[in-house]
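Here subunit A shows up in two complexes: once beside subunit B, once beside subunit C.
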Partner chain A sequence: MIVFERASRWYGQVIGVNDVTCHIGAGLTALLGPNGAGKSTLLKLLTGQIRPTAGTVRVFGMAPFANPAVLARLGYCPDSEALYDDQTGEEFVTLMASLSGLVGQERSRRVAASIERVGMTPHSRRKIGGYSKGMRQRIKIAQALVHEPDLLVLDEPLNGLDPVARHEVSELLRHLGDEGRCVVVSSHILHEVETMTRNIVLMYRGRLMAQGDVTAIRALIDRHPHRIMIETPDARRLARRLLELPYVLSARLDGIEASSVEVETRAPETFYSEFPAIVMEDNFRIRAFHSPDNTLEAVFAYLVGA
Partner chain B sequence: MTGASPSERSQAASPSPAGAVVSHVADLTYRGYDGPLYARSFRWRVVALSILRSALRKPAFWLLAAASTIPHLFVVFQVFMSSLMPAGASRENPFLGSGVGSKYALYFHQAITSQSFFWLFLLALLVGAGSIAADNRANALLVYLSKPLTKTDYLVGKWAGLFATLALVTVGPALLLYVYCLFTFQSEGFLREEPLLIVRLLGAALVPPIVHASLLLGFSAWNRSPAVAGACYAGVYFVSFVAAMTAWGVLHRGDFAKGVLVRHLSVAGAIDGTVQNILGVGIRVMKWQRRQGPTWIELQPPDFAVVLLLALGLAVAGVVAARLRIRAVEVVRG
Partner chain C sequence: MRDALLLKASLRDMLRPRKLLAAAILALAPAAIALVFRMAARSYVSSDTYAGVADGALFGFVLVMAAVVFCTATVRQEIEQKTIVYLLTRPLPRWRILMARYASALVATAGTVAVGALVLAVAAFGPRAAVQAPVLRDIGVLLLGSAAYGSLFLFVATLLRRPLIFGVLYAFGWETLVPQLPGAFKALSLMSYLRALAPHRAPEAESLDIRQALGPISTFVITKGLAWTVLLAVAVSLAVAAAVVFSQREYAPRDDD
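Up next is the complex of A and B:
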């Protein structure tokens, strides 16, 4: 659906995006990276607001720059406000629906449906000037959804939302991705993205660092051993037992009164397959078991050397 | 562009530049709407209508629109007074001492230029100063230009909305005045003497909206604040007017009739000069002389080609300035 082929974009001597090649298909994909990584530039390239200085960008097989055929199938929710305070939410979404080519009763139906979808029906006739940050964010998502786009692009959609609104918007985006749309969400807050998807595109200093499933990306990082955290009252005994395994590199306790052990291994798949048998044989009591390395935070830290 | 069926859509994607097949979304059942989407030509009208609607919702718009009919009401009063006088005496009527040329066209020239200079100008500021500046401030261009709308569609829509709003205010009262004159002077050969007056009137009434709309778009596009955009335009409008009048007064103190063109080298002057030419009328200005007292000087219309070129040049400059500035993103220069 989206293809970047050696795409670069310079602003004078400043590089926004540098030689990016990637394909993004249906489902929810998170575009990740710290501030200044090139996420917004990449979104502007794919929404046709700027054209690449070098390379190509294709959306639905067409160049998106100033291309109404692409824009008719695309919904964009920018990071900045982009709203008129003296309009009601309904008026704003109706205007955007009209610009997308909807008219008459179908427009009214679609406006009502998209406003309902983001949970703004009770507030849709109020002026936008009186909206909270979360309401503004939701009405922006409604305008992006109103014409049923095949591609939905959202720039930092969770910014400024309270926890409840954050959860609701995350659920909505995940649902839109599950339906089969292509949903691209940019964010610099890793744990927010983690709740929505495991499919990421990681940008850093204008370059594409990694793309794909977080776990798969993590598995490819050989430089760092895989860490596994096990919470157990038998931490010392478990650590001793695990160090006997040839593929376990180290086992670290969390203190004198150890209640957990952190294991490092270069063969996580083998470890995961054999660990249940070890627990059963030696009768260890395990309270919790997780890998801090499978988080976006860890992947990001490994890749950018932070 | 019209909507394609889901099956057509799924086949629409083409191979990537590298030759790899781009992933298709075959299952489009998530779509709640797969009907037609209207053609691109429809979209500039949406922008235009939004300007018009937003203007009509402002109480200040109606107030100024009502106030801008004052010059027309004053002309109605003049016409009424002249109709009370014997035939042939109207030229000596002090109320009608403001022009030379076509008999009836004088009324309309007086109404249109008086309206344009002040009331229409205020109205243009009210409606047009924020037309693009408000979008700049709200970053609304990001959303506008993510819709199937080109920069040209957007600009044409803004211009058309602004022009239509102002034209309503100039053409409406002018036509009502025309109807009033038609009934009042029908027996005196109103239609016979000036049969093309209605055409000339419509042409003249559209000049101020064209110039104001175009220039305001330019000023609005280069600002993020409607107030600043309005102040800049007001500054240029009045300063250019005062400068042209001063230059005319200084350069042609001995014979005002010779420097007509200099008098019109301003925004307001270009509008007035073009309107005068279209209506085929000149104006009378009063000159005060110490010994002789006040005397009326008849000024012929300025050179049509020059003032038309000036008015069109100003209009084009405004639109080009706006076009240069409209972009969805702030471009950082390294």
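Up next is the complex of A and C:
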């Protein structure tokens, strides 16, 4: 359905996408990478907003740039929050449906159905200018769905959604993928896309790093120790306690008067699930708790050997 | 059907309260100037006041500014508010998207100048005598001018990132300076052609203009036929050029992805 053949895209001296070759078929595929990885550029290439500087991009066997035959079968939900604020949600989706060639009762039916599908029916007669970030995100998804496209492209669709809405939208996208449509979703949050699909395309600094099942990518990531920083007045006692755990590789104090411990583990999920119980049992006082490795940027830095 | 809906949405976009206010100020400004003349002049001649204000304020300022404001917005407003992506990812040829938006900009520009001419006539001649032959002629020429300037600024908007700056420089620099230059330079100014179609008799001057004193420097004369031809050719050719450029260029705003 989507074919990139050695596609590159430069913005002057800056590279957006570098020599990407990949095929994306039916089902839900997550395009994963840290900010600046080239995800949005890749999506703009496949939605025909920009042309590749080198190589080719084919969607349904055709070059997508300004191609109505491709765009008729494509729904796009951009990352930007920008919308026509003086229109109501219903007017906006109706306009987008009309521009996709829908008319009359069929248009009204599909507009109502797509708005219903994203849970915006109670708010559809309100001006978009008064919408919350999550509501804007939902109405953007509705306009992408309204003409029931074969290919649905969503740029960071879960941004700004509350946990319940995230779950609902994830379910909706998974369902659309299960229907046999090609759904491409970009995200910079690994666990967010893991709940939706196993099929992942990894991008980093404009290059395609890996493509395939998320399990294999997880295994790649898990080869590298994961760091966790814990700030506590009981740093020495906590370090001693954590070193007893079989999955903790090291616990480093930040000095003689230690106020924090940096832990390295190969099993972060086990650590995160068991750590609260340890804290409660031994009555540790924890001031702060974070991981410098929790960002995808760090994961990718490991993967490229930085 | 799709074009009509897009036109309707674009028109609504053009007539947002802020733009409507700007259009109202532009349309009423010449009438305000005429009223000031009417109240301040020792011996008021309505036709002279109308001619002077129509030539300087309506043609020389309101027409060009309305075209700059509305016609550059056809593309740039969508890019700046990042909504262009919704239009360019729909299965509609790009030239049709542009033309639908341009039509709405033309309606707004033409409406502003036509209302401006009528209100000026009311202010200059009074409400009962407002509908006069020069006023109706001026409205016709202003509509043609809207199309010519509109296409020019539409074309510029498809090419430049800051078309408004170009428009203002063009309006106050080029169109002010070029018609004053000797020789056939005035052929490069759209305003010269509009003035050939709608000449406004200047009031009797107390002193002689230096150009009149020196005599005709150029034999180049813009006939009405030439003016019609050039203005129509500019209106059509630049609109077509804008459509071609819009179909080929990329307008997706670059962002950090």
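Here is the rule we use: the second predicted complex is superposed on the first by the 216 of 306 C-alpha atoms of A that agree within 3 Å, B and C clash if a C-alpha of one lies under 4 Å from a C-alpha of the other, contacts with A are read in each partner's own complex, and residues count from 1 in each chain.
Just so it is clear, a residue touches a chain if its C-beta (ideal position, glycine included) is under 8 Å from a C-beta of that chain, and two chains touch if they have at least 3 such contacts.
Please read all numbers here as calculations on a predicted model, not as lab measurements.
Enquirer: In the superposed model built on subunit A, check whether subunit B and subunit C fit or clash.
Expert: clash
Enquirer: After superposition on the shared chain, which partner residues are touched by A:199: those of subunit B (first), subunit C (second), both, or neither?
Expert: neither
Enquirer: Identify the partner contact of A:51: answer first if only subunit B is touched, second if only subunit C is, both if each is, neither if none is.
Expert: The answer is second: A:51 touches subunit C but not subunit B.
Enquirer: Quick one: subunit B or subunit C, who's touching more of subunit A?
Expert: Looking at subunit A, the partner in contact with more of its residues is B.
Enquirer: Can A:37 be said to touch subunit B (first), subunit C (second), both, or neither?
Expert: So A:37 only meets subunit C here.
Enquirer: Touching A:26 in the superposition: subunit B (first), subunit C (second), both, neither?
Expert: Only subunit B; A:26 stays clear of subunit C.
Enquirer: Quick check on the superposed pair: does A:69 touch subunit B, subunit C, both, or neither? Answer first, second, both or neither.
Expert: Both partners, subunit B and subunit C.
Enquirer: So, does A:8 touch the first partner subunit B, the second partner subunit C, both, or neither?
Expert: The answer is neither, since A:8 touches no partner chain.
Enquirer: Contacts for A:100 in the overlay, against subunit B (first) and subunit C (second): which applies, first, second, both or neither?
Expert: After superposing on A, A:100 lies in contact with both subunit B and subunit C.
Enquirer: Between 9-17, 27-35, 135-143 or 189-197, which subunit B stretch has C-alpha clashes with subunit C?
Expert: 135-143
Enquirer: Hey, what residues of subunit A end up touching subunit B and subunit C alike?
Expert: Shared contact residues on subunit A: 11, 44, 47-50, 66, 68-69, 71-72, 74, 76, 78, 80, 82-84, 95-96, 98-101, 103, 143.
Enquirer: So in the complex, which bits of subunit C are touching subunit A?
Expert: 1-2, 5-6, 9, 12-13, 16, 81-83, 85-94, 247-248, 250-257
Enquirer: Considering the complex alone, what residue numbers of subunit A touch subunit C?
Expert: 11, 16, 35-41, 44, 47-51, 66, 68-69, 71-72, 74, 76, 78-80, 82-84, 86-87, 95-96, 98-101, 103, 143, 155
Enquirer: Could you pull out which subunit A residues touch subunit B in their complex?
Expert: 1, 3, 5, 10-14, 23, 25-26, 44, 47-50, 56, 58, 60-62, 66, 68-69, 71-76, 78, 80-85, 95-96, 98-103, 106, 110, 113, 140, 143, 147-148, 150, 176, 179-182
Enquirer: Where on subunit B does subunit A make contact in their complex?
Expert: Residue positions touching the partner: 1, 9, 12-18, 20, 22-25, 27-40, 42-43, 46-47, 50, 134, 138-140, 142-151, 328-329, 331-334.
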